Amino acid sequence: MTNIFTNDLIKGWDRNTIASKIANDLPHSSYVNLGIGMPELVSQYIKEDREIIYHSENGLLGMGPSPNENEIDLDLINAGKKPVTILPGGSFCHHADSFSMIRGGHIDYCVLGAMEISVTGDLANWSTGKGIPAVGGAMDLVAGAKNVFVMTQHLTKEGKPKLVRECTLPLTGAGVVSRIYSDYAVLDITNDGFKVIQLNEDITIEYLRTVTDGNIYQ
Amino acid sequence: MTNIFTNDLIKGWDRNTIASKIANDLPHSSYVNLGIGMPELVSQYIKEDREIIYHSENGLLGMGPSPNENEIDLDLINAGKKPVTILPGGSFCHHADSFSMIRGGHIDYCVLGAMEISVTGDLANWSTGKGIPAVGGAMDLVAGAKNVFVMTQHLTKEGKPKLVRECTLPLTGAGVVSRIYSDYAVLDITNDGFKVIQLNEDITIEYLRTVTDGNIYQ
Amino acid sequence: MQINKIKKEMTEILSDVFDGSTIMVGGFGEAGSPIELLHGLIDKGTKDLTIIANNSGNGRVGLGALIGQRQVKKVICSFARSAKGVTFPELYNKGEIELEVVPQGTLAERIRAAGSGIPGFYTATGVGTPLAEGKEEKIFNGKKFILEEALKADFAFVKAETADRYGNLTYNKTARNFNPIMCMAADKSLVQVKKILEPSEMNPEHVITPGIFVQSVINIENPIIETNAIEEGMTYP
Amino acid sequence: MQINKIKKEMTEILSDVFDGSTIMVGGFGEAGSPIELLHGLIDKGTKDLTIIANNSGNGRVGLGALIGQRQVKKVICSFARSAKGVTFPELYNKGEIELEVVPQGTLAERIRAAGSGIPGFYTATGVGTPLAEGKEEKIFNGKKFILEEALKADFAFVKAETADRYGNLTYNKTARNFNPIMCMAADKSLVQVKKILEPSEMNPEHVITPGIFVQSVINIENPIIETNAIEEGMTYP
């Protein structure tokens, strides 16, 4: 199961395909916080049969897409400190109120990246243990959101499994992840291990087992 | 010291005189919460050399006087549920924010009535122990305001001392009162007992001792 | 598909409310009190309710009427002794309704805590008084505090001034009071509102309750004015 | 006599700030960051500061400049690793500045708690992680929470959009962020504001920070725009 080299790997779903799978699983009328980076793609794949409200933890509910160059307002930014817009029906609030939305269980879904996810739903995504420690709102989001979705490559750049029996990196939260969307599969965290919800068309469950450290079942 | 009968009593300051003494002791630029009833009189005696901001715990900062009959708005009321006005520079907030002002020590002075005040500054003013128990914001005010002033008759209607060694009624707060304004005297709560700051012109310290249960000094 | 939290019928907005529900009722005295929603609950006949509110109702309208109909088994409030209270004292003095007294600021903070995912917090309010009895104590910097726990509810009944289809709310003056924090603390917030606005008419800087805290809205353009109703001797039903 | 919290001179508004002060600095990234107040502190030369903020400064302006001048001994923040950070990493990697990392929501709530007279509260944020080490645990309804304590400051440095002479404030869009709660939590809140209004021009429904939380205001009509300043290679002093 260990030390698969990158050049042996099967090419999985691309990030747009993963994002569209997540977008399909967000129900109409959900309040959603998309993490900085890859998860931001999800909003591009929401179908017309539903309306989703995006929350940005720096006090913005009803976040819209990036502004045109001439519409940039440096007082209107997202949690990644990039200029954004606000949609009709949106609102501003201060940081304590914004995190009341998160901690109080009012955010239906958050979608985050990961370094490691354990078979019991532990998540490590804020620290490699090196460099300046910086956590931002990640710990609040995983502790507070009703459903924590992880969007990730199945393997690290070095070809090691990110889905593991036990995380080795500092945790962001313990037992917090509900579902993982990787380039190889969609998996739920269950009492019995990683449950495959959908398997990439090009790979087998046996292969998935070789690139995953922890019990997998269908 | 006990069981002085009402008809023996010296007539002290009237309530307007007491209110003006309190008004004189509220410094310029103070944030003040005046309890329902007698303390409300204080605002009428603020001199022109100072501006005081009144807080009403139901989410009103910058409370003004009662409205004219034709200006009454039943959505603009004070903590006593009576129609009031708001002055320029005032603001509305919700109940948690309003009590953050109180509990967080931002209200400089609150002025409250009393049933009993102990020599250590315990206050009883919310319950006779009978009837339907109802506390309102009194416990929050005495625990949170920077200075708790009591405005009271020195004796009960039955002629018993309200200033006592130990309160017999259920407490509103323990060790919370800073100063007492009665019809007989102005007294500070100190480690050594009730310290007379000002004595009514018509009475002696000896007389004050006979109508007060607890150490008094000048 | 568009989000639309606005309901047309009172029966629809109240459809989920069940016997034995815990319901937060907004308002401080009559300001911000959701009288029509409470009357809807009388029509529905829901029983064994626990009410969390600042007061315990005036006259025989709104909360006073609901209590008078014996639909309430317990009231959690700061001040159950208002001048115009009729039905609560009647039942309380007969031992037919329970009362839990909570200091007003502690009530507000416990409600906000529930909405903010804070299960408990420490406060100096009530220390040394009968209302601190049985509560855990803790010393911070040499001063004694008591532990108060979050207070949540199945439903919040709220009255606001304006709403849009997302459930964003504004209030009028001191009618704001407990309403915004109750929206945060309830599983479902049901809001009666004087005026419905288009989302584009709602200034994002001026929203007091963001729609995330609101599940359903109903338009009651001309709500009953409690003071007048009581003066006119109104009773409901 | 009228209340007037508006100061004319930077030296006046900063006159009370002392060596060893704990200062909350508003802003999330550059939005709402009080750059001119921070530059005033560089001019004043105040030392041994503890800074509470979400970030640790960008480039060599504002907080980045203050840190670069070695006036700061410790930073308490949620995210000290911003793309444009220069001075903090320099000192941190040499072990010449202390860092305390606090999750962003816990940071916000600890600040609000200080302003609200709540010495401590329980949260699930951080449970089971290195940031929970040494913290008291408590079980509520079968779930584990940790105790977090109030975080207060001697001063808050805040940037707002409008103010009146009472210190009532409004903010612009997401430049609101930590500013309102920092005003609550500091002994003295010092505010730089783009525009001064008459009290009668300030709508009481729209005030975000009531004047009770503000001690001094200074009008900075055209504040430095951090992004532009960094692009232009600005350094201060």
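For clarity, chains are labelled A, B, C and D in written order, and residue numbers in each chain start from 1.
Definition applied: contacts are C-beta pairs under 8 Å (C-beta built on N, C-alpha and C of every residue); 3 or more make two chains touch, one makes a residue touch a chain.
Bear in mind the structure is a predicted one, so any value in this text is a computation, not a measurement.
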Seminar exercise, completed: The chains touching both subunit B and subunit D are C
Exercise. When A-D is set beside A-C, which has more C-beta pairs in contact?
Worked result: A-D
Exercise. Per the centroid of Cα atoms for each chain, what is the distance between subunit A and subunit B, given in Å?
Worked result: 56
For this session: Could you grab the centroid distance between subunit A and subunit D? Build each centroid from C-alpha atoms only and quote it in angstrom.
Result: 29
For this session: Would you kindly tell me how far, in whole Å, the mean C-alpha position of subunit C lies from that of subunit A?
Result: 36
Problem set entry | Residue numbers of subunit B (touch at least two other chains) | 86, 92-93, 96, 99, 102-103, 143-144
Seminar exercise, completed: Residue numbers in subunit D touching two or more further chains are 109, 112, 116-118, 123-124, 171, 173, 204-205
Exercise. Quick one: which chain pairs are touching?
Worked result: A-C, A-D, B-C, B-D, C-D
For this session: Write out the stretch or stretches of subunit D touching subunit B in their complex.
Result: 1-3, 112, 114-118, 164-166, 168, 184, 198-200, 202, 204-205, 207, 210-213
Problem set entry | Of all residues in subunit B, those that touch subunit D in their complex | 28-29, 31, 48-51, 53, 55, 61-62, 86, 88-93, 96-97, 99-107, 143-144
For this session: Over in the complex, which subunit D residues touch subunit C? Could you list them?
Result: 109, 113, 116-124, 138, 140-141, 143, 145, 149, 170-171, 173, 204-206
Seminar exercise, completed: Per the touch rule above, subunit D residues touching subunit A in the complex are 28-32, 54, 78-82, 88-89, 92, 99, 101-109, 111-112, 123-131, 171-181, 208, 225-227
Seminar exercise, completed: Within their complex, subunit B touches subunit C through residues 56-60, 73-78, 81, 86, 92-96, 98-99, 102-103, 122, 127, 131-140, 143-144, 170-175
